[in-house]
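Note that the chains take the letters A, B, C, D, E and F in the order they are written out, and that residue 1 is the start of every chain.
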Amino acid sequence: MIRDAIEKLIRPAELGHAHCDLPCGVYDPAQARVEAESVRAIQERYQKAEQFKTPGETVEDYKARCLAIKELRADMVKEHLWVLWTDYFKPEHLAKHAQLHDLFWKATKEAGLAKKSQDPAQGKKLLDAIAEIDKIFWETKKG
Amino acid sequence: MIRDAIEKLIRPAELGHAHCDLPCGVYDPAQARVEAESVRAIQERYQKAEQFKTPGETVEDYKARCLAIKELRADMVKEHLWVLWTDYFKPEHLAKHAQLHDLFWKATKEAGLAKKSQDPAQGKKLLDAIAEIDKIFWETKKG
Amino acid sequence: MIRDAIEKLIRPAELGHAHCDLPCGVYDPAQARVEAESVRAIQERYQKAEQFKTPGETVEDYKARCLAIKELRADMVKEHLWVLWTDYFKPEHLAKHAQLHDLFWKATKEAGLAKKSQDPAQGKKLLDAIAEIDKIFWETKKG
Amino acid sequence: MIRDAIEKLIRPAELGHAHCDLPCGVYDPAQARVEAESVRAIQERYQKAEQFKTPGETVEDYKARCLAIKELRADMVKEHLWVLWTDYFKPEHLAKHAQLHDLFWKATKEAGLAKKSQDPAQGKKLLDAIAEIDKIFWETKKG
Amino acid sequence: MIRDAIEKLIRPAELGHAHCDLPCGVYDPAQARVEAESVRAIQERYQKAEQFKTPGETVEDYKARCLAIKELRADMVKEHLWVLWTDYFKPEHLAKHAQLHDLFWKATKEAGLAKKSQDPAQGKKLLDAIAEIDKIFWETKKG
Amino acid sequence: MIRDAIEKLIRPAELGHAHCDLPCGVYDPAQARVEAESVRAIQERYQKAEQFKTPGETVEDYKARCLAIKELRADMVKEHLWVLWTDYFKPEHLAKHAQLHDLFWKATKEAGLAKKSQDPAQGKKLLDAIAEIDKIFWETKKG
């Protein structure tokens, strides 16, 4: 699917847009989603630290590592979403999807909350927000 | 598919493995592939710089930017592949897929070559190597 | 002024908000502005490369370095703006400043354009966009 | 040799901004100060964790996040100070401000201490050291 | 010794290889070893936190910082090892040292374990694995 | 030698100092030197680009990559030197080696010059400056 999208991107007919992209023109919400899956999985493991920790590791240390790694993963989610918002989406997409700005604002705020929350239900909300963006993204690719 | 994999990963029955993972246990060759798509797209645009450059930008500057950005993207490919190799794959996977080490060595070397090559056919070889790894990856997920 | 802002931030009366911030609650559009000044200065020097290059350095090499460094600086502008947008601004700010989303979208897109443009007038537009954000930022601090 | 180039760079006509060195010539101690404000704010919040933590977050987790984030912020302070010291300041500045090396050494060491200290009074000392550097910086800009 | 190695690297007779290297051709397992020494030293200090912590710092905070810093250092070990494996070693080295792939796989996995382990004996195993790689590295330099 | 140094570092008798170190207390000027060797090797290859470039790569592209990579390597040199200066060296070292501040200032400025210079003789000067620091470093380790 991505490959098709690229073929289309570099077709002469689309050149009007192509020069507005960064050199590569390759975007995929999967990047944000994989990191968000990671965030949720960390929240789940934090809840069952006793079960997931390495033998010999204390529960406290395991949880401290969960927090430190989740901080980075949640940042990656933000980063990938911000890049999509600023670099991929164009005014004509906004014209069709008026909620775009708000969606990204809320999704990136949710990623920020993920740093503070150890609740997998919060991670689920982050994944849902990304799924909404993903849906719009692929609609604009068809269009 | 990823979601299923996660559910499985955190099932008690798999705990024997879970302690070998980093806290999250989420891996996906899509991360390497997206960056490699980017590498190939840059190689294609480098070849048709006149057509893809922003109006007002010189061809020389456009190409210099292609090179600088491709350098980073190719590094990301390496990074994602290395993480898969070291962190995801386990001895039992190697037992079934004896070519694993060589596959990763060649794929990461191909990513290194991508820094030096402006030929989309080279980028295609990189994508093919990642596709081979992807295939094995999903087989191990089924197993 | 920042110091005042901090004192205010940590006043019990503002605790309702404080929990929404990242631990520190310190934001300043100056961070984005300094990087954007850097971008514009590079564009100016690129135009007068003969004059600015180090003796012994070729004009081509000087320009190539301008491009590589500008790429990074423009990324820093984006980064600082994205953090302000997602982490500092709250729904009540948006209620008063309806143009907020669009301002940030355009400012970060302008930062993206700065990678492709060697024209200091473009850098000026980026600085103007940041100045607009800066104005709103300090109004919200007063409020 | 570079110095010649610099002399040229700092021609009165260009003093508005250009005044210095390699590609951009833009420096501002505000960058270090903002990060140090952040460090102090984190130390303050650490002390009142109960009050600042997000509802649902444990005090332990909030404090662990304070430490992890402070570690990074303090590193940023160091980085910005080192860049000023090596890249902005020139032998003629040192001739007028003999204490320059020691000031920077102590300020960066203070930034290192900030990683270990949860006391806002320590953060205040770091801010004071940066204020001293800031004063000299702006004197050299006038000169 | 490194200097000699470089002189050799850039001799015309070796040009057959040189084009396979990244531009610089400088590699040294010392980079991985220094970071691994750091990992082991942190594990040692974690064990004697009471003795090593800064006065005024709690043992809990000191340990949390140990974990956060060790996480990064262990990542650096991996990074340096991966670069050696992919970028330095060539098929003719593999022909002579059939255990190469496995050595690197195990060494990087050991670096991953170092994130979870607070036991200096584990850090010792990591250092031993790097020492084995170091031995082969210098043999290939002689060859 | 490093190992001995570490054993000494963690001896109770040295605890007076140990609390001033970052957790690990492991330092080695080899880190700066390896990166500087890299810088010099790139300068050498830039001069003989025709000879070193990959077949199929243009000389212009090879040189552009040399510049981009040298920029990063020279930054690493600075980084490693700054860390040594601020984190390793203590007032008692300065008392014995009064030239310490100036040595580091000049060495890091030389690393900055390395970004602009394609002359291996410049890289040699950088390596010489690091060698001076290395000598003092090991004297302080004996002391």
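As a working rule, a residue touches a chain if its C-beta (ideal position, glycine included) is under 8 Å from a C-beta of that chain, and two chains touch if they have at least 3 such contacts.
In this text the structure is predicted, and so the values were computed from the model without any measurement.
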Mutual neighbours - chains that touch chain A and chain F alike: B, C, D, E
Each chain counted as touching chain B and chain C at once: A, F
Most remote chain, CA-based centroid, reference being chain F: A
Chain of greatest Cα-centre distance to chain B: D
Which of A-E and B-E has more C-beta pairs touching across its chains: B-E
B-E, B-C or E-F - pair sharing over half of the C-F contact pairs: B-C
Whole-Å separation of chain centres (CA-atom averages), chain A against chain C: 23
Rounded Å distance, chain B centre to chain D centre (Cα mean): 38
Whole-Å gap separating chain C and chain D, where each centre is the average of the chain's CA atoms: 18
Multi-chain contact residues (two or more partners), chain F: 22, 54, 62, 64-65, 68-69, 115-116
Which pairs of chains touch, using the document's own definition: A-B, A-C, A-D, A-E, B-C, B-E, B-F, C-D, C-F, D-E, D-F, E-F
Residues on chain D engaged by chain C in the complex (per definition of touch): 1-2, 4-5, 8-9, 17-18, 22-26, 28, 30-31, 33-34, 37-42, 44-45, 48, 51-55, 62, 65-66, 69, 73
Residue ranges of chain C touching chain A (in the complex, touch as defined): 22, 78, 82, 85-87, 101-102, 105, 108-109, 112, 115
Residues of chain C defined as touching chain F within the complex: 54, 56-57, 60-61, 64-65, 68-69
Chain E to chain A touching residues, read off their complex: 63-64, 67-68, 71, 113, 115-119
